[in-house]
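Some structures to go through are shown next.
Look for subunit A in each of the two complexes below; its partner is subunit B in the first and subunit C in the second.
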Partner chain A sequence: MIKFLARKTGMLILIFIGITFLSFCLTYLSPSNPAEIKLNKTGVPPTEELLEQTREEMGLNRPLLVRYGDWLFDMMKGDMGTSIRNGKPVVSELKKALPQTAALTLVSMAAVLLISIPFGVLCARFKDGPFDIAVRFVTYLFASLPSFFLALVFLYLFSVKLGWFPVIAPKGIRGIIMPALVLALTLSAWYIRQVRTIVLDELSKEYIAGSRARGVPEREILFSHVLRNAMLPITTLVGVSLAGMLGGTTIVENVFSWPGLGQLAMEAITARDYPVIQGYVVWMALIFLLVNFLVDLSYGWIDPKVRR
Partner chain B sequence: MSGGKNMNRTKKRAVVLLVMLSMVLVPTMAGRFLAPNDPYQTNLSQALKGPSAVYPFGTDNLGRCILSRILEGAAASIFSALAVVAVVFTIGTLIGLTAGYAGGWIDQVLMKVTMVFQAFPSFILAVAVAGMLGPGLRNAMISLAVMYWTTYARLARSLVIQLKEEAYIKAAKMCGAKGRHIIFRHILPNMISPMMITAALDISNVTLSMAGLSFLGLGVQAPLAEWGLMISDGRPYLQTAPWCIFFPSLALFAVVVLFNLTGDCLRDAIDARGEGRADA
Partner chain C sequence: MLEVKNITVAYGSDTVVKDVSFAVKPGEVIGIVGESGSGKSTVLKSILGLLDSRGKVLGGEILLNGENLLGFTSGRMRQIRGKEIAMVFQHPELSLDPVWPVGRSFYESIRVHREITKKEAAVQGRKLLEALELGEPDKILSSYPFELSGGMCQRAAIAIAMANRPGILLADEPTSALDVTVQKQVIETMMQMRKEFSASILIVSHNIGVIAKMADFVGVMRRGQMVEWGTKEEVLYSPEHDYTKALIRAVPKMGGELPAAAEEVGHG
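The block that comes next holds the complex of A and B.
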């Protein structure tokens, strides 16, 4: 177990360095340079001489790796610079939006599991029956549906036509339902198929045939054997699919005006607020990394075979 | 999968899909010439009008013909996705081939880099790259390439490593065949089918991501026509003129479904020949 932990942690650190370095390098993609932005903000016309001086002051002339080291060190201390847009610290901006995105992600992940486990299991249990075929058809179509279209349809139906929800999502439970449901539905299409495959795989194993031969009731086979064994791969699915879900929040938050990280990021992009964009991508990647690390660990915990 | 019956069905399906695909792709390719109206002609007196004989899909907030804009926008929506797939296919294959064939530290380094790119939630990386570069079709394409190349690199690497162990490759090596000869004559041709399947199945994903970026305002810029952007522009008129959103969405949906069906069909056809597995 200790060896397993050590190996996993080593990998975690390596990827952490990779992620932060790549995010740091992202600023080099921006067409405008930080010194120019700073000068423009103070209203000083940027001359060649002044630019050079500002670059020197801001430490932009030092080697890349030194600057990366400083940046990383500051980040660890909780300093990711200040927003160009409003001068507030980037970290406090992110912190304000993070709970909204976290809540949205958690609620939709729960909804995904609630929708897709029963559907996936039923599809596998009655493979090639009318239910299975219907669900497969619907999930196929849903997988081709852009999430923003689904979001707009929801907005049209439930806000405009039926008036159940306000068009701009209020904070709290009433506001989270629609964005979470849209996010959950688009991901469920993929999930149901995965759960179906996992359960079918489990059902084809020999011990199932053995149990059936011994007259164990089908219900007991399904619930106490198949579902229990299927939980392991389903746990991994949660970790893997989190990337898609976090990506989906960007679009869904913007359609429903949900004040999370995705909306913050889009505001930052419109205002060319590079430190905030950078902070956004680092945080999202770190959340994804951390959750998958935890999923890996729990996997090793549940199944001793993985530890090797 | 054995027996001629399945093969025949796959063939029939392939023909039907090709016909459907060409029914969608040919008009969109020739969009400019088929469009009933000028896609950029604004006419405020005709703004937000519902579907009619002159404007089959209605008009948008500036009175532009939505059908004409859908046809005009197809190039940006579909062909940019195809171009991205072609680019990531090439780059990923090159990187995976290098890593898998060279092995050792080159492999280690390249795979670690791939792993780091995959450690980002992919769409968020694309949004960040596009956000840093600034909006525009070219930048959106770059950011999608950054998001998608890793799949191909990893698949190509695993295929090369698998193929390197095959007896005929070892025999070729023993006979003194040069590395370049082995790669181009023996390894690459055998990698192509599984890689093509992955690429075909990926086209729909890239199309959706591209539309997503445009929807967020990171892709093609107004007044140019593009489906994701048209849908985004129609948002304020959701209540009064839902056709502004409906028809571009329908076009996008139809194309994505068709790409998905074609990808599946291609996979089945190649699998049936037993040439490769689509385990990507």
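The block that comes next holds the complex of A and C.
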């Protein structure tokens, strides 16, 4: 286990350096000029001389590797620089957006699992029955709707027409319901189909026939055998989704004005706010690595073949 | 006593078993041979009511001590499975839940039929495995199916099948996925079970060597029909049907005599 952890950690560090360096290069190659943006923000007309001076101040004239090394070193100390856009430290910007996105992610993912596991299992259990066909039709519909469309429909229905929720989401429970619901519904449509397939696959396995031959009741076969075995592929799915959602669900966050990472990233990209973009990439890389690590660990817990 | 009377089974519009009859009397070992697709496994599945959704018994009766199993509700059928009639499969490591230790499957198969504590089940499991001389019973009970060798796993699966002392054990190609060297052990385990619990065994195999070693009566199936039936001696040493003759001729290393072939368990 220690060897497994050591190898995983080594891999994590390597991948982390790779991702951040690549993104560092990409922003470096980008044609727009951060010094110019900074000067424009302060209202100073950018002359050649002033530009050069600002570049020097910002350290933009040094070699790429040196700049990357500096940035990495500072980041280790918890300093990711300051936003070009508003002069605030990148770390505090991220810290502000992070809990918002984390809350949205956790609430939606919980809803997705609560919706999709029972529906997926029931569809598989009564495959090709009226319930299965109806659910498949609805999930097909929701899976093909873009999330922003559903978000707009929700806004129109629940905020404008019924007035249940404010158009601009406040923080807290009242604000999270609509964005979480939109996320959960679109994702559930896909999850129900996945869970259905996974459960059908399990049901066709020989140990199910074996359990039936031993006289195990159908209900128990479904709950203590099938669901238990389906945990492994479902965990993999959840891992992938969590990693993606923790990076901020840009579209839904923007439609509902939810002040999460997706919105922060969107604003940073529009304003060519490199330090913030860079900080965002670091977070994305970290979260992907961390979630994958946790998924790997959970395999050890779920699958005896990995454990032994 | 189990009597199969004139059963006909179809998958969709495809009739795979036609008018098959035979009886399994207490303590007897019945062997059914036939090539794959001959319908012999379907007969076993029909007895336990385990045909998949497309399969249907179109006619005939399956009588267990005089009662027709085909008329049973699914709830009542569940009480028969594993308690009155148990079954072992071709791939033991696949027929047991892969994420459960063997001991837990053993406990489950008793628990679904009568109240028992985990401890009691463990004691019984240990006893049964000891009687079968399977080495370290505790280690086997705490192992996952994938951790056991094929032969060991099949013998453990047989022990699990016998957990409730069923009167009849159905065996669907129980040795076909195993090495020749361990086939003999599995056969011995089954024969030991029969002796210990005076159970009857209905074994289905394409391996004539296995059938010759175990069976008292032999049925030969071809394209869904029972083409020959009789005592082992009648069927294997003086076959009447051409298909049976061909099957026996196909057993390698015969040297012109069947007894030699019968000893060579596993060539099939």
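The rule we apply is simple: the second predicted complex is superposed on the first by the 268 of 308 C-alpha atoms of A that agree within 3 Å, B and C clash if a C-alpha of one lies under 4 Å from a C-alpha of the other, contacts with A are read in each partner's own complex, and residues count from 1 in each chain.
Just so it is clear, a residue touches a chain if its C-beta (ideal position, glycine included) is under 8 Å from a C-beta of that chain, and two chains touch if they have at least 3 such contacts.
Fair warning: this is a prediction, and the values are worked out from it, not measured in the lab.
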Contacts of A:213 with subunit B and subunit C, given as first, second, both or neither: second
First, second, both or neither for A:281, with subunit B first and subunit C second: first
More subunit A residues in contact [subunit B versus subunit C]: B
First, second, both or neither for A:304, with subunit B first and subunit C second: second
Subunit B versus subunit C as contact partner of A:205, first or second or both or neither: second
Touched partner set for A:42, first subunit B, second subunit C, both or neither: neither
Sites on subunit A touched by subunit B in the complex: 14-15, 18-19, 21-23, 26-27, 29-31, 140-141, 143-149, 152, 155-156, 160, 242-244, 246-248, 250-251, 254-255, 265-266, 268-270, 272, 274, 277-278, 280-281, 284-285, 288-289
Subunit C-facing residues of subunit A, complex: 205-207, 209-217, 220, 225, 228-229, 302-305, 308
Contacting residues of subunit C [partner subunit A, same complex]: 48, 50, 78-83, 86-87, 89, 91, 94-99, 101, 105, 108-109, 112-113, 144, 146-147, 160-161
Footprint of subunit A on subunit B - complex, ascending: 112-113, 115-117, 119-125, 127-134, 204, 208, 211-212, 215-218, 228, 231-232, 235, 238-239, 242, 245, 249, 252-253, 256-257, 260
